[in-house]
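Provided herewith is a single structure, encoded as structure tokens, for subsequent inquiry.
Order of writing sets the labels: A, B, C and D. Residues in every chain begin at 1.
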Amino acid sequence: MNYEITRNAIDIQEVIDKVISRNAGAVTTFIGTVREMTYGKKTLYLYYEAYETMAVKKLEGIGREIKERWPESITAITHRVGKLEITDTAVVIAISTPHRNDAYEANRYAIERIKEIVPIWKKEIWEDGEEWIGNQKETVAYPKGKPEEKEIYD
Amino acid sequence: MNYEITRNAIDIQEVIDKVISRNAGAVTTFIGTVREMTYGKKTLYLYYEAYETMAVKKLEGIGREIKERWPESITAITHRVGKLEITDTAVVIAISTPHRNDAYEANRYAIERIKEIVPIWKKEIWEDGEEWIGNQKETVAYPKGKPEEKEIYD
Amino acid sequence: MIKVLFFAHLKDSIGADSITLQMSGESISSLKKAISEQYKVDSLHTVMAAVNEEFADESTILADGDIVALIPPVSGG
Amino acid sequence: MIKVLFFAHLKDSIGADSITLQMSGESISSLKKAISEQYKVDSLHTVMAAVNEEFADESTILADGDIVALIPPVSGG
């Protein structure tokens, strides 16, 4: 179970333990935490929703993409859903590789892919309102109805 | 005490907790672990030695360099010394920033600087011998007697 | 019958997390058009579709028993 | 008096983790030369020096009470 969606607080060490290996010299983690201020606006809390079964499949798919590109890597990803308070952990990505360069690159790849293809949505709740975050400005369209198969690092 | 040298097992969560902040949306960690095979040679265990007081000062210095480049970042680094077994954690670097790009970049910067200027040495112990790792081939010289002030990402 | 799942702001707009439609043999494109008209939501061109938990093209033809998810731009991580 | 600290393979080569020398007023360069000759270690050109826990140039002049560390290429991380 290296890829999980959970309603509970994420135990970071538990995610890391899944990728520790005698063959690994480097483990990187990315921990997404709930930030209070975003572009000058104060968030009270967040609410994450997922299409859970598909989200797990898509996380597994990202794991396979990473394994293809970095064959000696081991990946584990846990994403939390439900109500999250400021400083709570929303996502943990842990990746081990023999050498450090790959561990950074692969981790970066994982978070960018999560933000592209995993069906999870975030609602920001402020004092004076709330909004589902995503693409409200409609700057991105999917003419084919699905995301392109590409790699994005921003 | 965001910068530490310890003889004990490193509690990764404890290092992460030092950088969690209401202003942080991203935390990256780098965890250096003891790998069994290096270029086909089997390591039994490692022994790390440090010039401890100076190592802490140099880690603090790296923290200041990071703060200059990424002013909203918070950094914590713990390096273990003594005998380390395969899969043990030698170093943990945790960095938080408001946005993820900086958290990856700053973390990468930290590990490269550690490998340049922090007085810590690693001895590899194999079945048929042992060796202090560093620059046995003498490919690097320090004509001025000290490292240059530069940034290296490899 | 086709079951259609809604998430995030789409669930709010439509006022339900799923509906069931008689649209076997039709394309996703037609399904989106039907939903858009019936529920007065006009931003479905930014919405991806998945059939049985895999992303699917607009031209995909639906079969009886398929579960379609309409997936607004994601914002996890 | 100047206290000189050794680490890693240098500690092994010299057989001590520190020595004390009468070299106030002399440069790090001279100190390294003296140690190299006395202890028959010839790789000190790859060795950095720190005075009172800060990296120092070869030309740095030592003062009584200084603690010099000879720092082989580091391999932490």
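As a working rule, contacts are C-beta pairs under 8 Å (C-beta built on N, C-alpha and C of every residue); 3 or more make two chains touch, one makes a residue touch a chain.
The structure presented is a predicted model; accordingly, all values stated were derived computationally and were not measured.
Undergrad: Which chains make contact with subunit B and with subunit D at once?
TA: Common contact partners of subunit B and subunit D, which must touch each of the two, are absent.
Undergrad: Which chain lies the greatest distance away from subunit A when centres are computed from Cα atoms alone?
TA: Looking at centroid distances, D is the chain farthest away.
Undergrad: Taking the mean of the CA coordinates per chain, how far is subunit A from subunit D in Å?
TA: 49
Undergrad: Based only on mean CA positions, could you tell me how far subunit C sits from subunit D in angstrom?
TA: 72
Undergrad: For subunit A and subunit B, let me know how many angstrom lie between their CA-based centres, rounded off.
TA: One centre to the other, that is 25 Å.
Undergrad: On subunit A, where are the residues touching two or more other chains?
TA: 32, 111
Undergrad: Can you list every residue of subunit D that touches 2 or more other chains, as numbers and ranges?
TA: Nothing qualifies.
Undergrad: Give every touching pair of chains, nothing left out.
TA: A-B, A-C, B-D
Undergrad: Could you please specify the touching residues of subunit B with respect to subunit A in the complex?
TA: 12-13, 16, 20-38, 86-87, 96, 98, 100-101, 103-104, 107-108, 111, 154
Undergrad: Which part of subunit B faces subunit D closely enough to touch in the complex?
TA: Within the complex, subunit B touches subunit D at residues 32, 48-51, 53-55, 57, 79, 90-91, 111, 114-123, 132-135, 138, 140-147.
Undergrad: Which of the residues in subunit D end up touching subunit B in this complex?
TA: Within the complex, subunit D touches subunit B at residues 5, 7-9, 12, 28-29, 43, 45-50, 53-58, 60, 69, 71-77.
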